[in-house]
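Look for subunit A in each of the two complexes below; its partner is subunit B in the first and subunit C in the second.
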Partner chain A sequence: MHGHLPLDEFLVQIRGFLGSYYVALATMNAIAALYLWQTGKSKIWLRVGPIELSSSLACLAASGLFLLVSPIAYSVDPSLVDVISIPKPLRAGLDKAMTPVSYSIGTFFVLAVLFVGRRWFSRPEIAWTGLNLSLLLMGFSMTDQNFASVVTKPDNVPIVGLVFLLGFFTWLATRRAVLNDERAARGEPPLEALDSEKVLVWPDLVYTELICMVALTALMLLWAIGLQAPLEEPASAMKTPNPSKAPWYFLGLQEMLVYYDPWMAGVVLPVTVIGGLMAIPYLDFNKLGNGYYTITQRRFAYVTFQFGFLVLWITLIVMGTFLRGPNWNFFGFYETWDAHKVEALNNVDLSQHFWISLLNRPMPKAPENSDLLVKIVYVVFRELPGIALIAGYFTVLPPLLVIFPPFSALFRNMYLKMGFLRYMVMSNLLLTMALLPIKMVLRWTINLKYFIAIPEYLLNF
Partner chain B sequence: MPSLSEIIRESQIWKSIFRHPMPVDRRNRIVVMLTNFFLHLHPVSAKKQGIALSYTWCMGGVTFFLFLIETITGVLLMFYYRPTLEWAYSDILALRDVTSLGLMRELHRWGAHAMVITVWLHMYRVFLTGSYKPPREFNWVVGVILLLLTLLLSFTGYLLPWDQLAIWAITVGSNMARAHPVLGHEGPGAALLTVDGIDMITNASDARFGLLGARFVGEETLNRFYVLHCVAIPLAASLLIAIHFWRVRKDGGISGPL
Partner chain C sequence: MADKKKLSVEEMLAACRKQDGGGGAGATAPQAQEDPSSQVTPPTESTPTKATKATPAAAAKPADRAKMSVAEMLAAARGERSESAKPTSPAVPARSEKEAGAVEKAVVAKGAEKAAAVKTAKPAAPPVGSPSTKSPGTLDTASILSAVRSAAKPGPVSKSEAPARTKPVEEKSKKIVVPPMPEKPAYAVARPMSTAATTETRRGFFASVNAKIVGSSLALGFASLTVTHILWVLGLARFMFPNILTEPPTRFKVGFPDVLGLGQVDERFKAQFGVWIVKAEYEGQPQIFAIKSVCTHLGCTPNWLEAEQKFKCPCHGSGFYKDGVNFEGPAPRPLERYAIRISDDGQLEVDKSRVFHEELGQWKDISSFVPV
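So, the complex of A and B:
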C-alpha cells in the first residue's frame, strides 16, 4: 500500500499525471479568462495607468502561473520539485497537529465560517480563488509519497471527485440561495419565479438530456481508460489485511465504531438515518422554500441537513478513507502508515467515573452465585447514572427545550405547530444525531467510553 | 431529385416507426412527445426554470443514465463471469487480460462509484430546493429507498471479483449484522433467547448467517450476493425508478416556486 520508492522513481511515476494536471488547471483558468472577457462580465478591480487589473486578467495570470508549474512537475528534478511541494517541515508539523480532534473540529469550524460568511465566500471571484487554491494545495501535496499513495488508490479516486463535486454544488446552491434571500429582502420573487414561462420539452429538455448523456459517456470512457479497476490478490480467509476497510460509502459508519459498539454503529444508527430521511417531509411543516433555493426562509432545516450530510457523513468518510490506517489508527495526510503505531487507549465508562472517581466507592457488584434477577438489578443499579442520563436526554430534554430559553425561541413554535408526537419524533431524531458529536467530545475530553456499559449482556451504549 | 434523407423519411419502414414528420415545427414537437414510447415519460411542455441545469443539476437524470450504463455493462460482464470459488477470480483476471474491449469492468466499477455519488448529489439538490415538501413527500420516500438500493447494489457487487479487497470489505461490512440487537449472536439481548439452556441465536442462525448463507464470507455468500446483485436488487430498483418517474409527473412536474 504505502510503497516507498526512492524519490526519483516516485517522481518519474507521477510526472505524467502532475504535468497534465497543471496544464488542465491552466486551461481551466484560460477558459475562465476568455469567458469573462467575451461576455463582458469581467470586473475591473484596479487601474494602474493604462493597465486595467480585471478578473479576466487575474484568471489569465493564474493560467500562466500554472503553465509555468507544469514543466517543473514534469522535470523530475528533486530540487525543482521541492519548489512546488509543501515544505517538509510544514508537512511534518501538519501531521503532528492532525488528530481526530483537530480534524473534526477544524472541518466543522471551516464549514461554519463558510456558512456564516456565505455572502462573501459565494461571490464568484472568491469561490473561484478558493477552487484554484484547493486544487493547487492538492497538486502541491501530490509530490508527497504518502499522500499520493492514499489518494491515487483506484477506489479512493472517486472520493476525491466527490469532495470537489460537493464543493462545487454546495457553492452553486449557496450562491443561488444568497441571491434569492437578497431578493426576498427587497420584496422580489426568487430567481426561479422569473423563468416560469412554459417551453416545449422537445427540444429544450430533450436536447439538454442528450448532451448530458454524451458528456457523461465521454467522461466514463475517459475514466475507464485512464484508471484500471483494482484487483488484488485472490481472496484468502487466512490473510487479514490491515487496515480492513468497508467500501468507502460505508466508512462513515465504520468510523462511528470508534465511538459506538457495532449494534449501534452498524444497525441502529443506519436504520435511524434511513428512517429519519424518510420522515423529513412529514416533520418539516415549513411551507416556505418549496421549489427554490433559500436559506433564511428555512434556516433550521437547512443547517440541520447540512450538518448531518456534510459534517457527520462526508467528513467522516474522508477521515475513514484517507486518515485511518493500520489498526484504524489516525494518520496525518502526509504521514507514513506505520502498522506499529500505538495509541494509548485508557477510556473509562460513565459508571466508573461515577462510582470510583466521584463517590470513591467500589462498583456495585452482585454477590457470587446470586440468581439472574438479582444480577440484573445490580447491573441496572451500577449503570443507573448512565441510564438516567440517556433516558433523560431523550425524554426530558425535548420538553425542556420547549420551555426554557434560549432554545425555546426555536422549539416552542415547533412544538405548537407539530403537536406532541411529531415533536417528540423530530427532537429524538435530532438528539440521536447530536449524540455522535457529543460522544466524540466526551471521548476527547474525559475519555468517556460508554454512557451505559453492560458487557455482561453486550449492551454498551 | 429527392435527397437520401428524404427518401428514407418517405419510406414505408420509416413511417411505420415514426408516425409524424420531423419535429421541427410546434405541432410535430408536441406529437413526438406523445407518440414516442421513451419520450412520453416527459410532459409536452415544462416551465423553463424547472428544466434549467442550474436548478436540477440534471442529477436524477445522470443517476438514471448511470443505472442504464450499469445494466448494459453488467449484462456483458455476466457473459463471462461465473460466481464460484473456482472461477470468480480468474474470470475477472481474464476480463482484464484476455477479453477484447476489456473496458467493461472499468466502466461497470467506476459507473457504480459514480452512481453512489450522483444519487447523493441528487438527494442534496432535492433537499436544498425543498422539493420534498407537499405534494412530493411520497416521492422523497421512494427516493430514499432508491438510495438504499443503490448502496446495496454497490455493496453486493463489491464481493464478486473475489479478491482480498472484496472479501474483507464484505466481511467488515457484514460483521455488523452479527451485532444486531437480539438477532445477532454478538448483539445485545441475543443471550436472552435461550430455550432450556440452548441458545437460539448462534453464529449459525443469526442475522449475519442469513445475510452470508454461512458463518463467514464463503461460496454461499458469493452465490447469494450474485443473485441479489444481478437479479433481485436491479428488479426492485427498476420498479421503484418507474414509480419515481411516474410520481414526478403526477406530483405536478419538477418543483418550482408556487
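So, the complex of A and C:
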C-alpha cells in the first residue's frame, strides 16, 4: 500500500486528482480576482508607470500560474513533473530533520510567530497568500508517493480538511479579534456591538439551514461515493494492525499514551482536561471579552487555551496521522513507512537515573518474603526522588511563580484577585497541562520513562 | 393575512371587546384596574395561602359571570398566577366586601389596604401605580396594557433581578395576616372507607378473598416482582456457566522441548493461543518459558521482529527484549508469563490459567519456566 509503485504508474494514478486540484485552485483565485475587481475592494500595492499592481491583479496572476501547472500535472512525463515537485534532496533533508523534537518545537515556534505577528498575518491579502502557498506546497508534495499514500488514505482525508478548516476559523477569529483590539485602542465599541440587527427565524434562518442541509447531504453523498470506506480485515484478538491508530480525534490522546501510563494518559489527564474546562467560569475573574472577539483583553486566557488546543491537541493529531508509522515509529512526511525501522529507545525511570547513575548503587529492594507494609515502604523509598519532585512541582512551584520573575507580575495579580484556593487550583491545572510537553521533552532528550515508577501496584507517573 | 400578523395585543383585545358587545364594559374597567396594580406588586404579597388568592376571582365571578369579557378573564387569570390576588386599591376591597361578605375576606382587605398604603408611599411605585389611582371610568386599554407590560417579566429570575424581587417580601412578611383556612366543602371531606365486609359487592368479594390469601393486591404485585427478579438473577448466574466452552483449552501441549534452538522464539501458537514459546537465557540461566502475547501497556498484540530481536507493539511502540522485559516505549512492566511444565509424555504443556509477573518477583517460581 505504501509507495512501491513504479513512478510512471504512480503518476498516472495521481494525475486526475492533481490536474483538477490545480484547476480548482486557479478557479478559486479567479473568483477572488473577480470579486475584488467588481466590489472595488482591490487594493493598489505598486504603481509602475501606467500599470497598477493591485490585489485583484495578483489573484489573477496566481490563477494563471495554477492554470499553467495543471496541464503539467496531467502530463505523465517524469521530467516535467519534477518541475512541479519538491526537489528530492530537499525532501530527503526534510525527512532527516524531522524528528519529534524538531516537529514539536517547529510547530510551536511557527504558531508563536503567527501569534506575535497576528496584526500582519491576519490581513486578508497575507492570509490569502498563505493559503495559496500552503495549497501549492501540498500540491507539490503530492507527487511524492509516500506523502500521497498517507494523505489520500480515506482515514486521513478528513484530517487534511481539518487542517485547512481549522486554519480558516483560527484566522477568522484572530482577524476579528485584531480589528476589535484596534477599535478598543481607539475607544470604539467592538464590531459585534454594532451588529445588533435582528433577523427573522422564518424565512432567513430556516432557509439558510435548509440550504446548508442540502449542501452537506450532497457533500456526504459525493464523499461516500468517491472514497472507499476505510474498512479493514476482521478483528482478531491475536493480530493488531500495524500501525494501529485511534480515530483521528483521539490521536492526540494516543500520542499522550506514549509518554504516560494508561491510567494517567487515558483516564486522569482527560478527566482533568474536562474538569479544568468546567472550572474555567469559577477561576476566571476577567470580565472583559464577553460576547466579542478579543486577544489583548484576555491575553492569558487566549494564550493558555490556544496552547492547549493548537499545540497540545491539533499538532499531536497531525503528528499521529501523518508522522506516526508502523510500530508507532516517527517518520518524515516523505519517508517510506518501513516496518523494520530501528530506533533504539532505552527508556529509563527517574529512580534508576537517581540510584544507579547518580549514586552508583543498587536500587533499594525489600528483602525476600517481607510483609506488604515493608514492601510498600521500600517502594516509596525507592521512588522518593520522583515523588518529591512531583509533589514539589505541584505545591512549591505555584508560590514560586508568584514570588520570582519572569512571570511574577502576572501570577501575583492572579493570586491577589483569586485568593489562595482558587489560585492553587488554577496553577495546578496549568502545571498539569505543562507536564505533558515537559514529559515529552524529557523522553526525547534523556529517555525518561516515568517520574514515579511503581509497576508492582500499577502506579506510574 | 399580513394584516392579521401585525395585530398587536391591544388591537386583539379591542376586537374581542367589540365581539362581546361592550356589555361588560362597566365591569371590566374596575376589574382590569385592580389587575395592573396587583401585577406590579407580586413580590409584596407572595406569602398568602391559596385560599386568599382565590378571593378576587371569587369576587369577580358572581358579579356578572355571563358578561365576562376576554380582558376580564385574562385579568382574573393573571391575578391568580401572580399570587397577588388581593385587591390593592381602596375602592375594590369595598366591593369585594359587599359581594362576599365573609369575615376572612375583610381581613384580607385590611391587610391589603396596609400594603397598598405602604406601596404608594414608596417612590418605586408611581409609574406603575398611576393607572390604579385613576378613577375606573377614565381607564383605557392602552394604560392597562402599559401597566401590565411594565410589570415584572415572567419567567426565571436572573441574579441581578433577584434582590429587587425578594426584598419586599422580607420587609412586609410580618405585616401580612394569614387568614384562617376556609371550611372544607362537603364533597371534599373524606368518607370512611367502605370495607368488603360491610358492603357485599363483587369487587369487594374478590378483594377480601385476595386479602385472605396474600394480604393485599399491592403485596401480591410486589411479591411477584420479587420472584421474577430472583429468577432473573438466577438465570444470569446460570449464564455464567455455559454447557459448552467454544474457546480453546487453557491447557495445551506445544511439542517437545528439544525442538527449539537456544534463542529461538516460537510463533506457531500465537494465532490460536496468544502465546510465544521462547527458549532463551534469563538472568544467565537458559530456560523455556511461555510469554503471553498481550502488551502490558494497553493490551495490543505485539509482533516478534526477528531482525531486531525484539517484541514490538504497534499501538504505542512499546518494545520488549526476547525474555519479555520492557525496554522502550510506554509499557510499564515486562510481558507476562504463563505456567509451563513438562507433561508425562515429555511434551511441554502450557497452562494459561496461571500468569507470572516479573515485577512481583514471580518469574522465580519454578512453574513459570522449564530449565534447560
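The rule is short, and it goes like this: the second predicted complex is superposed on the first by the 429 of 461 C-alpha atoms of A that agree within 3 Å, B and C clash if a C-alpha of one lies under 4 Å from a C-alpha of the other, contacts with A are read in each partner's own complex, and residues count from 1 in each chain.
In the analysis below, a contact is a pair of C-beta atoms (placed from the backbone, for glycine too) under 8 Å apart; a residue touches a chain by one contact, two chains touch by 3 or more.
As the structure is a prediction and not an experimental result, all values here were calculated from the model.
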| item | value |
| --- | --- |
| Contacts of A:Tyr450 with subunit B and subunit C, given as first, second, both or neither | second |
| Which superposed partner A:Glu197 touches (first subunit B, second subunit C, both, neither) | first |
| Which of subunit B and subunit C A:Pro262 touches, first, second, both or neither | both |
| First (subunit B), second (subunit C), both or neither touched by A:Asn329 | second |
| Residues of subunit A contacting subunit B in one complex and subunit C in the other | 237, 239-241, 244, 254, 261-262, 266, 458, 460 |
| Residues of subunit A defined as touching subunit B within the complex | 155, 158, 161-162, 165-166, 169, 172-173, 176-177, 189-206, 208-209, 212-213, 216-217, 220-221, 223-225, 227-237, 239-241, 244-247, 249-250, 253-254, 261-263, 265-268, 274, 277-278, 280-282, 284, 286-294, 298, 301-302, 305, 309, 454, 457-460 |
| Interfacial residue positions of subunit B with respect to subunit A in the complex | 23, 26, 29-30, 32-33, 39, 42-49, 51-55, 57-58, 61-62, 65-66, 69, 89, 92-93, 96, 103, 105-107, 109-111, 113-114, 116-117, 120-121, 124-125, 127-134, 136-137, 140-141, 144, 147-148, 151, 154-155, 158, 161-169, 171-173, 175-181, 184, 186-192, 216-218, 255-258 |
| Touch list for subunit A against partner subunit C, complex | 237-244, 254, 257-262, 266, 326-329, 340, 342-347, 368, 449-450, 453, 455-456, 458, 460 |
| Subunit A-facing residues of subunit C, complex | 270-272, 274, 293, 297-298, 300-303, 305, 307-308, 312-317, 319, 327-330, 332-333, 359-361 |
